[in-house]
Amino acid sequence: MEQLMIELNPQTTQPVVQVKNLAKAYGSNVVLRDVSLSVAEGSVTAMIGPSGAGKSTVLRCMNLLEQPDSGEIVIDGHCINAGKKTSPKSLAALRRSAGMVFQHFNLFPHMTVLRNVSLPQERVLGCSREQANEKSMELLKRMGLADKADQYPSRCSGGQQQRIAIARALALGPRVMLFDEPTSALDPEVGVEVLEVMKELASTGMTMVVVTHEMAFAENVADELVVMADGGIIEKGHPGQILKDPQHERTRRFLRAVLER
Amino acid sequence: MEMLKAIAIGLPLTVLVTILALMIGTVVALPIVAGLRSRNRLIWLMSRGLVDLLRGIPPVVWLFILYYGISIGAVRLSALQAGVLGLGVVAAAYLAEIFRGAISAVPKGQWEASSALGFHRATVWTRIVGPQTARAAIPAYTTFAIGLLKDSSIASTIGVSEIVFMSSQYARQSGSGILVFFVAAGIYILLSVPLGLLSRHLDIKMRKAVAR
Amino acid sequence: MNNLVDVAIEYGPTLLGGLKVSLTLTILSLALGLPIGLLFSFGVTAKNKAFRYISVFFVEVGRGAPALVLLQLMYYGLPNANITLSSMASACLALTWTTAAYSAELIRGGMQSVPSGEIEGSHALGMSYRDCLRFVVIPQGLRIALPSLMGFAVLLFQATSLAYSVAVPELMSQAYSIGSSTFQYLPVFIVAGLLYAAISIPATWLSVGAERLLSRHL
């Protein structure tokens, strides 16, 4: 349904995420050069490319875990300009709009699963403990992890930990979810359960940006595919189109390497 | 200036006590480490007990036992002998623990690879495990040596005329206690700086020789 | 051997009285020193210059100088500045300084070893700097530092034996006065040593146990 709306009036739908002319370098090592990107409401954008291409850096710049040297980021109307000093308030607002899921989960090991999901709601949204726990249990149930609520993260498998991390991010009601190689640290078999959850999330109309090496996910779930290499975007468009008929030589080389092993 | 001179007279003994105790400690630690790694329950238990006892009783008590308590016939240990010996055996216990930790920090795969390559036991120790152990032990060893430098001051309690002994003597004579003890503190801090630098230097050198 | 038992029976109560003073001194120094240590652990890297310099001074001198020097400084030195403290108070002050200095470094080390990913995670969730410290860094940092803090407490308890040099009537001082009046030095010091060991050794085991217990969720 939402898909349909976007296709009917693409002009009127304001993009949830807009990245304009992002650039970043560590000394003489340029990691991002002039990256611009826009993510439509309810769409799933997959970012692929060889390692070191700058995919994760783009994602980490989106919620300012990394400070870009120049460029502009707009998420859900909250605008951050790399040139200007960011106020803590607008930074907090931007981060509240963007939920992030890391490669290594980054759960808090000294808290139970339930506390992991509830604490940010209490501290960031100002929810009461009851409200937060209720919402957390609902999300954990949706992730199929209701029985893990009182366990510590270390007692959960990698796939379960990653789903807890997704629940933790979703609990803050983000407008967009950013996934930084969410399955790269997992066994392929375990990665599937995480991908299932992500697929389900996409079907509910959540806006998502996913840095990934899972080509099947990129092809079947994503609406938009972004191919990056050497700190820049070399190709973007419909996933099926790009995977079938890549325009750029670098894309072809990358796809051959991934698909032919 | 006069004060500095009065305190500095104690410097050689502070250094001497530290170095001798460290040497005794290092040598005595080796058989204790072997005991701590032994598969023989009895030997292990005795070594474990020895380490716990040596570390469980404050150094000053060991020094008093050696100085006031031990006499072989009419012969008693001199203050310096008792001080060095007491601090040395206590150091042995701490160093044994440090060495044991460093040996167990060498990955199991190193032993397995050495056996798979058919190395002789002695070769494994001298060429494979030994260097990696030394590398792992250096930071803790130098930290301990700096601690020992400060603990050498305990020898003043049985009358070894090192820095603290000289300081309190001077403080009593001159009546300028605060300054004297701050100067003494400063000397200890200055002495530990080169030790710290040496540690860093060795660490870097070993890191190059034994990468990881 | 018989001698040892005789001495233990005859002077046991006096020595136990001394042990009580030793333990009191240990607990007081920990109770005062640990909170100051937590403060200094932030102080040594603080942006505020005055706070940083004061913290660095107390931490470096407290760690760099032998406890014996600090004890004598407080007892024999402070009267020069017209501050005369009782022997117990000056010993307590000196050992509090030692505690604050060492614990500051141990706590800082603990907080530094909190994985950066978790701090990043709390930032990405939009948690404030203060909340990140309060809920993620400090609890875990203290948890990581706890076994080494317990190890330090054992060393501190042993260091109270040096307070005999400033006339605190603790275990060592009792043992010494019994020794010098009866010339039974060896048995008295052995009994005193065993009393120290009876506290230190189990306490060390406890700190090893704590390390295992606390790392179970990590």
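Per-chain numbering from 1; labels A, B and C assigned in written order.
Operating definition for what follows: a residue touches a chain if its C-beta (ideal position, glycine included) is under 8 Å from a C-beta of that chain, and two chains touch if they have at least 3 such contacts.
For clarity, every value in this text was computed on a predicted model and none was experimentally measured.
Participant: Fewest touch steps from subunit B to subunit C?
Facilitator: 1
Participant: Among the chains, which one keeps its Cα centre farthest from the Cα centre of subunit B?
Facilitator: Most remote chain from subunit B, centroid-wise, comes out as A.
Participant: For which chain is the distance between its Cα centroid and the global protein Cα centroid smallest?
Facilitator: Of all chains shown, the one whose C-alpha centre lies nearest the global C-alpha mean is C.
Participant: Averaging only over C-alpha atoms, locate the centres of subunit B and subunit C and give their separation in whole Å.
Facilitator: Going by mean C-alpha positions, subunit B sits 20 Å from subunit C.
Participant: Taking each chain's centre as the mean position of its Cα atoms, how many Å separate subunit A from subunit B?
Facilitator: 54
Participant: Report the inter-chain centroid distance for subunit A and subunit C in whole angstrom, where each centroid is the mean of the CA atoms.
Facilitator: 48
Participant: Please give the residue numbers of subunit C that touch subunit B in the complex, ascending.
Facilitator: Contacts found on subunit C: 60-61, 64-70, 72-73, 76-81, 158-159, 161-162, 164-165, 172, 175-176, 179, 185-186, 189-190, 192-194, 196-197, 200-201, 204.
Participant: Subunit C touches which residues of subunit A in the complex?
Facilitator: Against subunit C, the touching part of subunit A is residues 63, 65, 88, 92, 95-96, 98-100, 102, 104, 106-110, 119-120, 123-124, 152-154, 165, 168-169, 172.
Participant: Quick check: in the complex, which residue numbers of subunit C touch subunit A?
Facilitator: 115, 117-118, 120-128, 131, 135-136, 139-140, 143, 216-218
Participant: Can you list the residues on subunit B that touch subunit C in the complex?
Facilitator: Touch residues, subunit B against subunit C: 52-53, 55-62, 64-65, 68-70, 150-151, 153-154, 156-157, 164, 167-168, 171-172, 175-182, 184-185, 188-189, 192.
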